[in-house]
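Both of the next two complexes hold chain A, though its partner changes from chain B to chain C.
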Partner chain A sequence: MSTPTQQRTRPPQGGRVTGKSPVYWLYLLPGGLLFSVIIVVPFVMNVGLSFASWPGVGDIAWIGFDNYTRLFADDTFWASFRNSIAMIIAMVIIPTSVGLLLASVLFDVIGKRFGGRAASTLRALYYLPQILPVAIAGIVMGWILRPQNGALNNILEAVGLGDLAQNWLGDPSTALPSVMAIMVWVQIGYPVVIFMAALQRVDPELYEAAEIDGAGWFRRFRAITIPQIKPETFVVALTCTIAAMKVFGPVFVLTRGGPGDATNVPSYFAYQNFFERANVGYGAAISTVLTLIIIVLSIVFIRFQARSERKERG
Partner chain B sequence: MTPTQAEPRAAAPVESLPKRADRHHRGATRWLVLALLIAGAAVVLFPFAIILLNAFKSPAEYSTAGPLALPTELYLDGMINFWKQVNFGQKLWNSFMIAGSVAVLAVVVSLFNAYALGIGRVKGRLSIIVLFLIANMLPHEALIYPLYYMSNQVGLYNTQLAVILIFTVIQSAFGTYLLASVFGTFPKELLEAAALDGASKWQVLWRVVFPISRPTLSVLFVFFFIWTWNEFFIPLIFLISNDRQTVPVALGVLQGERLMDATTTSAAALLGVIPAVIFFLIFQRTLARGITAGAVK
Partner chain C sequence: MRTTRSLQAAGLVAASALVLAACGGDDNGGQATGDDGGQATSGGTLSLWHYEGENSAMGIAWDEAMRIFEEETGATVEFEEKSFEQIRQTANMVLNTSEAPDILEYNKGNASAGLLASQGLLTDISDAVAEYGWDEQLAPSVQTTARYDENGVMGDGAWYGIPNYGEFVMLYFNEDLFAEHGVAIPETYDDLVAAMDEFVANDVTPLAMSGAEYPAGQLFYELALSQADRQFVNDYQLYENPVDFSGAALSYGAETFSEWVQAGYIGDYSAGLSAEDMGTAFIAGDYPMLYSGSWWYGRFVDEIDGFDWSIDTFPGSDLHPGSSGNLWVVPTASENKDLAYQFIEITMRPEIQALLGNNGGVPVDADPDDITDEKSEELITVFNEISDADGLAFYPDWPVPGFYDDLVGALQQLINQNATPAEVLEQLQLAYESGLDNVPN
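Let's turn to the complex of A and B:
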């Protein structure tokens, strides 16, 4: 915010009037209390439970690191984390890179040659899947992909590619790619909107100068767009990576982790242990590992961003 | 950086650009680019079109003509039956009530927290903000079982109040983080003037800080509402009775059981999509502003 600099009108040492006052702590009280009860205590309990064997009722048996050693020998656990990498490809890497391209073309070509309205209409259309509850997006796509009478198979038959028709979500070899494709569809609009907003922040003279110098679209994209919107790229990549690690709704609605463990993800695996198999301690261990990975990834991202910013300043 | 002032300038004045456009934009290329982008948008919209096409077909028509044919009649029974069967009106109201309460409460809690952190600059504020930020990143799975257990103990399991309380905290963790950084640049002169006039902290909050930050608060409100509306995991676990479920949970559970025929599913999907699209149309500007806010936070 560009606060008009009115420092001159401030009386010398006038800061006292608004200076730190213990009264402010009172305003943190309701939020802090709720926060402790609903986040801190359950999180600590969850970490504690990860050292226990407990079916959810009766006595808790403390078993030390057993859940964790069992976890590292558990194929389903490794499968679920491999699928997390697939989710990062589908929810971060593809949407961010395609979104970067789309946003740049929308801003630089469509916005400038066909008017801002055309660009913002297209942007809104790409964004539409993002506003759907992700469970509903799953229902919509699951229905399109169903083997009997599904729209996708019908289209393939209609254009003479009937041989390609599949049980998209029911076959272990196509289930994960299908879920990935759905997540690309869900995610694509988010980077487009953020990057287009970011581009409005970029000084238009940069583009004008480059254009006058005869730089084509691709050179401008590489030399101006990508470096200028780096901060937003970091934010998009970080938030989407966290979302990809946490993905649950689409898996629950589309495949319930199956067939086999073909589409299982850590959240769903934890859910299964908590609520279907009454392995509370094991579920707690899975979700603790997931939390750790998310926090470590975030720290790495933020470090990386800070370093690249420092490098830029020289 | 204040998100509230990041007005999207979608219609940037570009007519003034020098006329010596580069080769990439002359002639046919730009039309090709436009055509490609429209084709891409068509792919993105395809599922919506398919739903619309089939939500009004009778099962007989669906099985003979397939999912791609235009409907020949307006068949509403499927949708009406589904609406009655799941008591969809009730689900809509539940979602609306939960998301609305969370949005109001979370905005108030965020405002209080951020007032203490951003304006009051209480000791250790940076670590407190980081704590809130971490809370926002935590996977819900890492909280769910203790929350489930605790709510059972105090008799809040299977109540909407439990879901409202949980999401109030989760959303306000983000709201606190965002608002505290916005309040970090709040014009001091206003606070000092109010203090010199003898206003108490409470009066300063409601008569100075609240009115000025109203645009940011409304962005937060819309976001909290939509995020809560779209949530699936926690409501799935906490709301087990039929009459308390939200729209995504009701539809998600039905889908999971795979009991529905094709036309009912598309009718159900359409009913699930419509509220989201209505929000989108109402809040499009706020959304654009808010996403921008999120990006530059």
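Let's turn to the complex of A and C:
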């Protein structure tokens, strides 16, 4: 999406590429075709079905905005969106801030004192949960958190903290925090890797000059690291927010939205209606609302990023 | 850059695939017909889908049925192994296309086979039933799930499927734990409560339980059934009359379940446990009792070697969760319906029924003399008693699509004791009624 905009603002290079060149449109064709088949057509169909009552087979009954009126009065729908906010905390806010700190420590302290290899190894370890298939990670985490014979409770008992043992995923008061903690573990490697890559392109002279001027690590982190890697921070925050809004796999594997609606999220709620309740129209309405929220969030993010970049350029 | 190039390459490959697929046309309607396939014989091809494990009773029996079918008809079976979820979630989209198989195993009940039947996706096989006499082989309560009316409600109307096996829910006892704690195996409901009290007094949780999946809902339903009659089941499952969740039966179910948690009969930690957790804990000998289905039976025979165990129906109730097993159904789009009927006929023969029975399954029409395995005989005897007494009451989540999740959520609240039985029943009433809006009747 950003490529054509950037090219329009740049002067044509050697007159080879212009916005009107037919070859240019040819290159867009495969992507455009796939985008239409995989995204646009299903999305339009989904929006269409959100105005219908349909069990998934047979005749479709058009019911106007009924699904939407029902949706906004549905407690489960609102509960699922409240849980989305928890997912944003667990998948965006905590990993991005902790990831920034970790990346900076790995790059600036570990990398310098113990060598690049030590920093790379640690970075790979943080990234490991991102490589694990979510279904497997979820099942293993489910075992660890089991109330009886679960590794976590056993460890707590072994070190004399048996009172802290919980029914982690089975109790509504601990289920959501447990899922959030797992998501932090899953997510943390992504910002660390992106931020470490970003730090590579920051001019080392900036740090050296600051060090000579007597700036400590935290001062350098605040005055150089954070502003210098702002574009990457925006990208991480945006992609993670989208991932948090549409999170499905971990909830499906760990809790199936339960106990009660304690860990239900919009994607799982839509899935339940689509496939479990044979309530395709209602499921489509939930998906449509979710998609619209993600689009609006993305626009806000991108605008905010553009404004911040404009401000920097002065 | 590498990512961009890879994406471009993937895009090109996918686009080419789309173009090629579009050019391919559907010259023979996929694999279903197979008349011009390389291996086709004069008898044609029967495409067949099922989702039973290779080593399960059904897997073994049906494998043999396929062998006999090929031998007798000269036709080839084109078998595709599917998963339960795969068939459940995609059947309605696949069955009205040329990709539909000639015969498949499908989940029974209003929300499953009933829905497909009401939408015209399944063949009315009543004529074949009369021709082959399958109705005489199936007990009335087993027939219920094979017949659906025009709205897809089971019990009455045309035949849309044939089950080969049955299933039911019962109590499993770890006899060694009973002996160790000097507790007698219960025969009446009062015995059961007294036995559970004794175990609790000995610091043993008597009942293995799973709140995250079906077992809790089935126990709640069984407790309700102990206070109910066949009319209640007809109202709840077949919508003959409105169901009042605050009525005597269901209130008793929820209140007793909650009392059992408070009394320590059911662990208050079991809300997050899966059915697999529950079953493996029983196999490990951690619990004296398990209340669950006959689908565990074969596995317990194979995997329990540290203690003696036995089974019995839940005491004090004439009705029990259970039904026919899944059905053989013939899609409307099937191009080889006669071959499909011939295959069903083979699965109902005594030798295949015996094979089911001797491998831990519950055949619907086995000759008792053919069952040589002692443990299998015990299971089949209990099933026949329930089935002959018209005691199969189906499953609590059947009446409306999606009720399964509602039941799981409701029972988890009772296990965690963060809602009263009355509150839980009210939630279930709402979910049941809003689900009924999606049932076409």
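Please note the rule applied: the second predicted complex is superposed on the first by the 277 of 314 C-alpha atoms of A that agree within 3 Å, B and C clash if a C-alpha of one lies under 4 Å from a C-alpha of the other, contacts with A are read in each partner's own complex, and residues count from 1 in each chain.
As a working rule, contacts are C-beta pairs under 8 Å (C-beta built on N, C-alpha and C of every residue); 3 or more make two chains touch, one makes a residue touch a chain.
The model shown is predicted, which means the values in this text are computed figures rather than measured ones.
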Can A:146 be said to touch chain B (first), chain C (second), both, or neither? both
Could you tell me if A:188 is touching chain B, chain C, both of them or neither one (first, second, both, neither)? first
Contacts of A:309 with chain B and chain C, given as first, second, both or neither: neither
Touching A:275, do we find chain B (first), chain C (second), both, or neither? both
Figure out whether A:119 sits in contact with chain B (first) or chain C (second), or with both, or with neither. first
Look at A:55 in the shared chain and tell me whether it touches chain B only, chain C only, both, or neither; answer first, second, both or neither. second
Partner chain in contact with A:203 - chain B first, chain C second, else both or neither: neither
Does chain B (first) or chain C (second) touch A:31, or do both, or does neither? both
Can you list the residues of chain A that touch chain B in one structure and chain C in the other? 30-31, 34, 56, 142, 146, 256, 275
Would you mind writing out the residues of chain A in touch with chain B in their complex? 1, 3, 6, 9-10, 14-15, 17-18, 20-21, 23-28, 30-32, 34-35, 38-39, 41-43, 45-46, 49, 56, 102, 105-106, 109-120, 122-129, 131-136, 138-144, 146, 149-151, 154-155, 158, 185, 188-190, 193-194, 197-198, 200-201, 204, 208, 211-212, 214-217, 231-232, 235-236, 239, 242, 245-246, 248-249, 252-253, 256, 266-267, 270-271, 274-275, 280, 283-284, 286-288, 290-291, 294-295, 298
Given the complex, residues on chain B that touch chain A span 1-2, 5-6, 8-12, 14, 17-18, 20-25, 30, 33-34, 37-38, 40-41, 44-45, 47-48, 50-51, 54, 62-63, 66-68, 109-110, 112-113, 115-117, 119-123, 128, 132, 134-135, 137-150, 165-166, 168-170, 172-173, 176, 182, 185, 187-189, 191-192, 195-196, 201, 205, 226, 229-233, 236-237, 247-249, 251-252, 255-256, 262, 265-266, 268-269, 272-273, 276-277, 279-280, 284, 287-288, 291-292, 294-297
What residues on chain C touch chain A, complex-wise? 8, 11-12, 14-15, 18, 88-89, 92-93, 96, 111, 115-116, 118-121, 211-212, 267-274, 277, 281, 400-402, 404-405, 408-409, 412-413, 415-416, 418, 435, 438, 440
Where on chain A does chain C make contact in their complex? 29-31, 33-34, 37, 55-58, 142, 145-148, 167-172, 175, 255-261, 272-273, 275-279
